[in-house]
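The chains carry the letters A, B and C, assigned in the order they are written, with residues numbered from 1 in each.
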Amino acid sequence: MRRQRIVEDVSALPTYAFGTTMTTWWGTLGFCVIEGMGFALAIAAYLYLVHVNPQWPLADAPPNHWPGTAVLVILLASLWPNWKAEHDAKEENLPAVRRWLVIMSAIGFVLIAIRFYEFTQLKVRWDQNAYGSATWFLLALHATHIITDLADTVVLTALMFTRHGRGKRFADVEDNAFYWYFVVGSWVPMYLLIYWVPRW
Amino acid sequence: MSDAAVTSGRDLRDTALPDGELHARLSRTWGTGKGLIARLSTVDHKIIGRRYLITAFVFLLLGGALAAAMRIQLARPGNQVLGPDAYNQLFTMHGTTMMFLFAVPVMEAVGVYLVPLMVGTRNIAFPRLNAFSYWTYLFGGIFIWTAFALKVGPDVGWFAYVPLSGPQYGVGKRPDVWAQMITFTEVSALAVAVEIIVTTFKQRAPGMTLDRIPLFVWAMLVTSFAIVFSMPAIVIASTTLILDRLIGTHFYNAAEGGDSLLYQHLFWFFGHPEVYIIFLPATGMVSMIVATFARRPAFGYIPLVLSLIAIGFLSFGLWVHHMFATGLPQLGMSFFTANSMLIAIPNGVQIFCWIATLWGGRPVFRTPLLFVLGFFFIFVIGGLSGIMLASVPIDLQVHDTYFVVAHFHYVLIGGAVFPLLGAVYYWFPKLTGRMMSEAMGRWNFWLAFVGFNLAFFPMHILGLQGMPRRVYTYGPEMGWANLNLLATVGAVILALSFLLFVWNVFSSVRGGAIAGDNPWDAGTLEWATASPPPPQNFDRIPLVTSREPLWAERGAMPVVGGLTVDDRQVLVTTVTDARAELRESSPEPSIWPFLASVALTVLFVGSIFTPWAVVWGAVPVGVALLGWFWPKGDVEDEG
Amino acid sequence: MTGRPHARAALAVLAFAAILGGCQGWQSALDPQGPQARELAWLFWMFLAVLTAIFVAVMIALALALIPRGPPRDDPLAVDPRSERRKNFVVAGLAVATGVTVLVLTGFSYVSQRNLFRVEEEAVIVRVTGHQWWWEVRYEEPDASRTFTTANEIHVPVGKPVKVKLNSADVIHSFWLPNLMGKMDLIPGQENDIRFVAERPGLYRGQCAEFCGLQHARMGLLVVAEEEGAFNRWRDAQIAPAETPTEPERITGQQAFLSRPCVMCHTVRGTGAGGKVAPDLTHIGSRRHLAASTLPMSRGNLAAWIVDPHGIKPGVNMPTIKLDPDDINAIAAYLEGLK
């Protein structure tokens, strides 16, 4: 190996930080882009099927939109505690972070309960026709994201109540909050597509 | 935010140690232990990259063996070596293996191995994810080949068009095996793409500004973006296909409002960028090899980078040229003709820049450069026949004929495999510490070059003479016999060249000349460390002052100090100008990525037999992920 | 090294000559027999000429670049800024030239595409439905009584525009007659069409071009282009129901045919056989080939086909039916006589 001369000392640099400084933030962004692309293509496929079928929906009635609307309202409302969790994580305020994470976990469970009910209100089965298939697919795709984020949140909440609840874990809380924004944001187009395109 | 509170006993910094001791201690910190569990737990990008490479080359040989069998069947009209059932499985497995189990993984393998070295960091970003993606790829490959060995290999083509692959016509579990293998390999490819993007963005050595990134790393970066944006399409396509087959959805059932062309759109929205996902890393290899053997910096660094980016973008606007014969609106198709032709411009710019790099110097004709010159000859032919295929009218004649088979083998073997073989000869000394045999290398090249052209050039003519693709036989009255025989002879020669290559690799690993750090006197950072590199890659992180740091700094290397010695730490820098901003801990080895991959395999394979596997299979996956991410309470996990 | 590029150029010329020599023939894109195929062939040759010139130029440039010049490059970073500037201009110029070339080629392609898909009043409309692995051919007339169905063989009048409507009964197939026109897919749930004109009388072979399963390789079809009088006679003969046989062997054959499961799948108009899933056999004896161009038509081949369809075309949907040899010969005789 070649001779070396030290020209810069990085000893004083921190070992963790928040936001774009961390590699994890970029990784999360990368997976959001991948999943966002998946959503976009699923939406494109849905619209393609709308386009090739002279009639839409291929069912007697559009789905009951109330459960979906409830999910939308709760998701939008969850932006506040989510933001608080993110903010308090950056402040490294452990009690506050614990509180907000518990609230976010609870919200997640409520959402999943409503989501299960939502499937029963679509008024079409997935194996009935392409409309049913596409609708179930979109809804299931988004449900998967709520479930995975909830699992992540619950584990993180548990973690914050153990001795690990310090240091770099605060950056993880921030990341988790970041991902939740994506879950909320992706529901808006899905919601319009599932409930309002068939009424249009 | 500072780690001043961290216990001082473990806070030994590299500035405090002499070079020799530093090297030994870092090797201990970053090393992979002995024993089976340790091997399965490793997160060293070099070990994983090497496994990736070897696995991909094994699949190349398997896929090549299938090709040889097909060529034997087609050598004479009415041959009875293979029946239609076997032949259809063979060409499906050949295409699937080459595209999903060889070409994409092998390029990612080279990226996994080289990108961290080239950007001057100690490990890839998200090393455990990297281990996980390798295992997932391996299990996906084993899965589909096991199915093939049990005679349930897919037989619907590597594209698996519906309705042939759908519930009504796709027999047994064959198309399910194909669709689920896709899920395996895409999960793996997407994960690696994110790792490479983040490594390139955030872990470059200080001073490696955007315009000092080696061209191969640029190529891998653009490729990774293409993966991120295109592969979700195939995941959606294969998932909806398997849903149609297993739980009775109707995405592709025309009788229930579905549409079979939707599948083709999704498939080719992935499928065309896929070609560039394979080709772009190869252009990166060419840029590196040409610069080293022309003994000067690559001419036109900025145009080369812009060409890479332009190709990446344009590759998403070409997919319809695979569907010119499906009866789409004429005007729309013309748009895709124009787009497909446009991509010739950045490709042309790359070729011109490489020729300009070689021009007026004293090129060093070693095996890597020979393969690159072979690449020029073959790839230019393939690119030009691609211009023909971009034209709607010409495509209507040659689409789905042997002309297209010839074209894409010129592009993929010429455009990707030749540079890849050159790259193996070029970087083999870095991986193993030994040189490959130059004499065998020359034989290898000429056999490959002659064999390839003999095998594939006649196929252009066969296609024009009306020979469709994917036929297991043809009649003597068709007049295709002689050219087919010639192609088979060429294929045999090509196969010999690969055997010679394998022999060269095996004999050189043990008996090759000792290489030293930088046998080619190349300019980029991977040559700044030992061959093979120690587990920590670099004892101290280099400070980059130029595009070719080793040419610019002939004396003592400028480096940065201050990272911990007894804990794994990587230096994180800013995205654009690569200023050091963080000493981030890098994960220790862990068995959990392996276990997570095993659990995921159970879920994927189980889901072919019952959709409920997705539900109960999620439990072990969840447990494994929990084990993976739950901190062990060590310093590096606490930060 | 300088010798090698010359060898390459020579190779390219040889290859080019091989193409020129190899273009004629049965089922060939470069032996055009109609205006559409000629348009396509012309465009192909034009592209080939331009692109070959480009290839040769690039290879010459590469060869020249490899000639060693100047002193050994001890310091790789020492590059002459003047020659770099010159190279800049050359590369930029070549990039522009590439752009212009592809633009011009795109223009030619577009014009050709317009010519190719120009709609002319068609004289004959044929509906072709793809099946695994044969072609159902239906001549559609405004007068429903003159509409009839046949299989695997399309007759067209010379010099008259023909429109072929395409769809599929099962998977995707592709209709391709290289001597007459490019290809077009047959897609379930969708109707595509393709138009061509055959300029000279003759037989033109085509083949399925989209992979469609086990016997994709043996899904040929034949276009018979004939003068209008002959075409009309053929059409009138096809419209007529099958003749009732008079020879004893053929009478036995007919009885055997009608009393076997053959009738579940095949139609012979004028008899009780009305199956719809397999080729219409009303005038099978008039066709030149059997089983989608798998075998030439003859009594022997008919018998062989009935005895063992899976030996001849493995995977075919026609079942093997146990018959005694006398019946087989009689059925073959009966079918062969269905002119």
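Keep this in mind: a contact is a pair of C-beta atoms (placed from the backbone, for glycine too) under 8 Å apart; a residue touches a chain by one contact, two chains touch by 3 or more.
Keep in mind the model is a prediction, meaning the values are calculated, not measured.
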Arrangement of touching chains [line / ring / star / complete / other]: line
Innermost chain, taking as reference the mean of every protein Cα atom displayed: B
Most widely separated chain from subunit B, with each centre as the mean of CA atoms: C
Inter-centroid spacing, subunit B versus subunit A (mean Cα positions, whole Å): 30
Subunit B-subunit C separation of Cα centroids, rounded to whole Å: 36
Length of the line joining the C-alpha centres of subunit A and subunit C, rounded to whole Å: 51
Subunit A residues counted as touching two or more neighbouring chains: none
Sites on subunit B at which at least two other chains make contact: 259
Subunit C contact footprint on subunit B (complex, rising order): 83-85, 88, 156-157, 161, 163-164, 168-169, 254-255, 259-261, 294-297, 299-300, 303, 325-327, 330, 333-334, 337-338, 341-342, 344-345, 348-349, 351-353, 355-356, 358-363, 365, 373, 376-377, 380-381, 384-385, 387-388, 390-401, 453, 457-458, 460-461, 463-466, 468-474, 477-479, 483, 521, 523, 548, 551-552
Residues of subunit B touching subunit A in the complex: 1-3, 6, 13, 15, 19, 23, 125-126, 129, 190, 193-194, 197-198, 201-203, 206, 228-229, 231-233, 235-236, 240, 243-244, 247-251, 253, 256-259, 262, 265-266, 269, 517, 528-530, 539-540, 543, 555-563, 569, 571-572, 575, 580-585, 622, 626, 629-631, 633, 637-639
Subunit C - residues contacting subunit B, complex: 1, 8, 11, 15, 18-19, 22-23, 25-30, 39-40, 43-44, 47-48, 51-52, 54-55, 58-59, 61-62, 64-66, 68-73, 75-77, 79, 83-84, 87-88, 90-91, 94-95, 98-99, 102-103, 105-106, 108-110, 112-113, 116-117, 132, 170-172, 174, 176, 178, 181-185, 187-190, 192-193, 205, 207-218, 314-315
Parts of subunit A lying in touch with subunit B, wherever the complex brings them together: 1-17, 20-23, 26-27, 30-31, 33-35, 37-38, 41-42, 45, 48-49, 52-53, 58, 126-134, 136-137, 151, 155, 159, 163-164, 166-169, 171
